[in-house]
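Each of the next two complexes has chain A plus one more chain, namely chain B in the first and chain C in the second.
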Partner chain A sequence: MEMPYFPGCTLYRKAENLDASTRSSLAALGVKLIELPRWTCCGAVVPLARDNYMGMVAAARILADAAKMGKTLATVCSFCYNVLKQVNYVMQRDPEARQKLNNYLEEGYRGEVRVIHALEICRQNPSLRAAKDRGSGYLRGLKVACYYGCTLLRPAAVALDDAENPAVMEEMVAVLGAEAVAYPLRTACCGSYQVLHEGALVAQKVREIIASASAAGAEVIITSCPLCQFNLDWWQERFSREDGGFRPVPVLYFTQLLGMALGVPPGDLGLERHLVDPRPLLSGAPL
Partner chain B sequence: MFLRSKGSEELIGRVKEISGQDPHLCMQCGTCGGNCTAREFMDFLPRQVVRMVQLGDARALRCRSIWICSTCLLCTVRCPRGIDVARMMEALRVINLRRGREALPVAKIPAGLLGQVPQMALVGGLRKLSA
Partner chain C sequence: MPESLIPIYIMGKRYEVPEGLTIMKALEWAGYQLIRGCGCRGGFCGACATVYRVPGNFRLQVGLACQTPVTPHMNLVQMPFFPANKAIYDLDKVGSPLETLLQLYPEITRCLGCNTCTSVCPQKLQPMYYVAAALRGDFARAAELSFDCIMCGLCAARCPAQLAPYNIAIFVRRYYSKHMRPKPKHLIERVAEIRAGRYDQALSELAAASEEELKKLYVNREFEKL
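Here is the complex of A and B:
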C-alpha cells in the first residue's frame, strides 16, 4: 500500500533517523510512504490566538496539496501531526477561517484529508504481528517506557488516543514481544521549546520523567517527538557528566524499536545518533 | 486591593476576543495550576493569571508566567469549567508581542544549544516567545 507522507523539516536535519526508521519499518509492514512533491515547515506550533490566520497558512497549504494526492496524509513527528490535525480541524469546522485561508491560498480545501500518524498505521496494520514473528525476537522482555508527551494527545479533539489514558504505544510494544512498564509521567510535558528560554524548567522536567520511568524499571524510553527525544537525551547526557551516579535511560524513536523487531538492517535505523547510546543495551541484537 | 479602571475593561475585552474564552467562567479551583508543567517556575499560577484577567489587572500582561508556559495544554484538557486556559496565556503573550515586547530575542538563545536543538524547537520557540 502507498500513502502520501509529510516528513517535516526536523526530519530532514536533526531527526533524520526518525525519518529513515519510519520509512524502513513501515516498508517492512508493506506501507510505502510517498513524500509530498513539495512541502514547507508546518509551523511547528499551532497558533492559539484566534485571529492569527498567518500561523495556519503553511499547514493549510500542505493539506490542500495532500488532498490532490489522496485521502490520507501520513506523518510521524508529534509536532507536525498536531499542527496538521489541528489546522485540518479548523478547516472542517470554522467557516470563517476556512474562507480566509482558502482565499489566501486560492484553494477550495475543506478538511477532507485524513491526517494519520505512523502509530495509527501500525495499530491498524494486520501484518504487524506476522512481521514481528519473522524478526529475531530479541526484544523479548525488554522493559520499555512509552512516552507520549503533549502533542499526540492534546487538545482532546485531535488526540491520537484517549487523551488521559492512551494505550496505542503500549499495545505495539506488547505485540513486539517487549514489556511496556506503567509509570505516571508518560503524558507529562518535557518542557518543549522552553529549552531555549528556561533551561532549568526542562532540566527539572527531564529529571522527573526519567525518575518516574526508572522507578518502574524502564530500560529504554520510546517517543515519536524529536523535541522530547532531544530534551530527554541531551539533559541526561549532561546529568551523567555532572554526576557519576546518574543512570541514564536511552531514548529511542518508537520506529527504531519497531524496525529492530521487524528485522530492518540496523544501518537504516540511526541508533548511533543518540547521545545516550542505546547500543550496549541492545547488544543482544544483531547491530 | 486592585481597582478597576478603563484599561481594565479593555484588557478583559482583548483577552476574550483573542482567546475566544470567557474568564468569568473560572471558579478559581486551581486545577490548572496543580497540573501545570511550569508551575514551580512561575510568579503567578495559571489560576491567578486567570483571576487577574477577570479583574482586568494589567499585571497579567507583565508577569513571568506567560513566558514560562510551555503550551502543554494540561490546563486546557483538565479545567472543570471547560476554559482553554492555554489560549488565555497565549492572548496575554500576543498582546505583548504585537507591541514588540518579546521574551526570546535570538541573541539570548544559548550558543551551545543553537546548533544542536531540533529545528522544531527554534521555529516553535520563536513563534511563541519572539516578536
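Here is the complex of A and C:
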C-alpha cells in the first residue's frame, strides 16, 4: 500500500534517523510512504489566534496538495502532525477561515484529507501482529517507557489517542514482545522550545521525566518527536558528564524499536546518531 | 502602412507607442535613455525586470522588458534593481552548510510559505520551494529548483518576510557546486590546458587583429551544437 507522506524539515537534517526508520519500518509492514513532490515547512507551531490566517497558509497548502494525491497524508514528526491536524481541523470546521485560506491559495480544500500519524498506521496494520514472531525475541522483556509529550495529544480535538490515557504506543510495544512500563510523566511536556532561552527549565523537566521513567524500571524511552528526543537526549548526556552517578536512559524513536523488531537492517535505523548510545543496551539484537 | 500606436503608461504617464515593440524598445521610443536596467537585451541577464498591470486584472504581472511586448493600456514600471541583504562568505571556510546559511541569512526562517515570490518570478521558477528545500538542508534540490534564476530581484522586492530568495539560492548553488557535486573531470583538464598556455597564441592573435578581421571572425564564429 502506498501513502502520501510529509516528512517535515527536521527529518531532513537533525532527525534523519526518524525519517529513515519510519520509511523502512513501515515498508516492512507493507506501507510505502510516497513523499509529497513539493512541500514547505508546515509552520512548526500553529497560531493560537484563529484569525491569524497567514500562519496557516503553509499547512493549508500542504493539505490541499496532498488532497490531489490521495485521501490520507502520513507524517511522523509530532510537531508536523499537530500543525497539519490542527489546520485541517480549522479547514473542516471554520467556514470563515476556510474561505479566507482557499481564496488566498486559490484552492477548494475542505479538510477532506485524513492526517495520519505513523503510530496510527501501525495500530491499523494487520502485519504488526505477525511482527512479534519476526522479532525473534530481540526485544523480549525490554522495559520501554513510551513518551508522548504534548503534541500527539493536545489539544484533545486533534489527539491521536485518548488525550488523558493514551495506549497506542504501549500496545505496539506489547505486540513487539517488549514490556511497556507505567509511569506518571509520559504525557508531560519536555520543555519544548524553551530550550532556546530557558535551558534550566528544560533541564528540570528532563530530570523529572527521566526520574519518573527510571523509577518504573525503564531501560529505554521511545518518542515520535524530534524535539522531545533532542531535549531528553542532550540533557541526559550533559547530566552524565557532570555527575558520574547519573544513569541515563537511551531515547529512541519508536520507529527504531519497531524497525529492529521487524528485521530492518541496522544501518537504516541510525541508532548511532543518539548522544546516549542505545547500542550497548540493545546488544542482544543484531545491530 | 501607417504605424499603429497603442497607449501605455510608464510610471503613470501616458505615451502612445508603436504596437509590437518590447517594453524596452517602447521605453526608448518614448524618450527614456537606459543606462541601467538594461543589459544583454536577450532575455538572459535579468537586468530589466518590469512589473505591470493591465486593466481588468488585479494581478501584478512581470516580465523582462527586453522580452515582453507592450499591450494596450499596460501600466508599467521597471524594477531593475532592488536592495537586498547580500552576505559575504568564503566558501572554503564554510563548515556546516545549513548552519552557515542560517547565520548568513537568518531571515530565511521568517518564510511563512505565502508563495508571493513564485507568483512574481519572470522565469516561472518556484522560489518558495527552493527556499523551503534550502531551509531543510536539501541543497541538491534547492540548487536544482533555482538553477534558472537570473537574479532579477523581483522575489526580494515582493517578499513580505523580507527574504532575498535569489541570494539564498546563489549561496546554496555555490556551496553545492563546490563541495557536494562530483568534480567535473573535463573542467579540471581544460583549466590545466589554459594554464599551460594552450590558448595564449590564439588570444594574442585576436588582440592584434584589426576591426575588419574581428568582424569577419565574429560572423564566421563556431556555434556550440545543441
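What we mean here is this: the second predicted complex is superposed on the first by the 286 of 287 C-alpha atoms of A that agree within 3 Å, B and C clash if a C-alpha of one lies under 4 Å from a C-alpha of the other, contacts with A are read in each partner's own complex, and residues count from 1 in each chain.
What we mean here is this: a contact is a pair of C-beta atoms (placed from the backbone, for glycine too) under 8 Å apart; a residue touches a chain by one contact, two chains touch by 3 or more.
Owing to the predicted nature of the structure, the values given are computational and were not obtained by experimental measurement.
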{"item": "When both partners are placed on the shared chain, which of chain B and chain C touches more of chain A", "value": "B"}
{"item": "Touched partner set for A:F79, first chain B, second chain C, both or neither", "value": "first"}
{"item": "Touching partner for A:W39 - first (chain B), second (chain C), both, neither", "value": "second"}
{"item": "Touched partner set for A:V181, first chain B, second chain C, both or neither", "value": "neither"}
{"item": "Which superposed partner A:L196 touches (first chain B, second chain C, both, neither)", "value": "first"}
{"item": "Which superposed partner A:K205 touches (first chain B, second chain C, both, neither)", "value": "first"}
{"item": "Chain B versus chain C as contact partner of A:E164, first or second or both or neither", "value": "first"}
{"item": "Contacts of A:C9 with chain B and chain C, given as first, second, both or neither", "value": "both"}
{"item": "Which of chain B and chain C A:G55 touches, first, second, both or neither", "value": "both"}
{"item": "Which superposed partner A:A156 touches (first chain B, second chain C, both, neither)", "value": "first"}
{"item": "Chain B and chain C contact sites that coincide on chain A, given as residue numbers", "value": "9-10, 13, 41, 43, 55"}
{"item": "Interfacial residue positions of chain A with respect to chain C in the complex", "value": "9-10, 12-13, 38-41, 43, 54-55, 57-58, 61"}
{"item": "Touching residues on chain B, where the partner in the complex is chain A", "value": "17-20, 37-38, 40-41, 67-68, 70-74, 76-77, 84, 86-87, 89-91, 94, 103-104, 108-110, 113, 116-125, 127-129"}
{"item": "Of all residues in chain A, those that touch chain B in their complex", "value": "8-10, 13-15, 41, 43-45, 47-52, 55, 77, 79, 150, 154-156, 163-164, 188-189, 191-201, 204-205, 226-227, 229-230, 234"}
{"item": "Residues on chain C engaged by chain A in the complex (per definition of touch)", "value": "98, 111-115, 126, 128-129, 131-132, 135-138"}
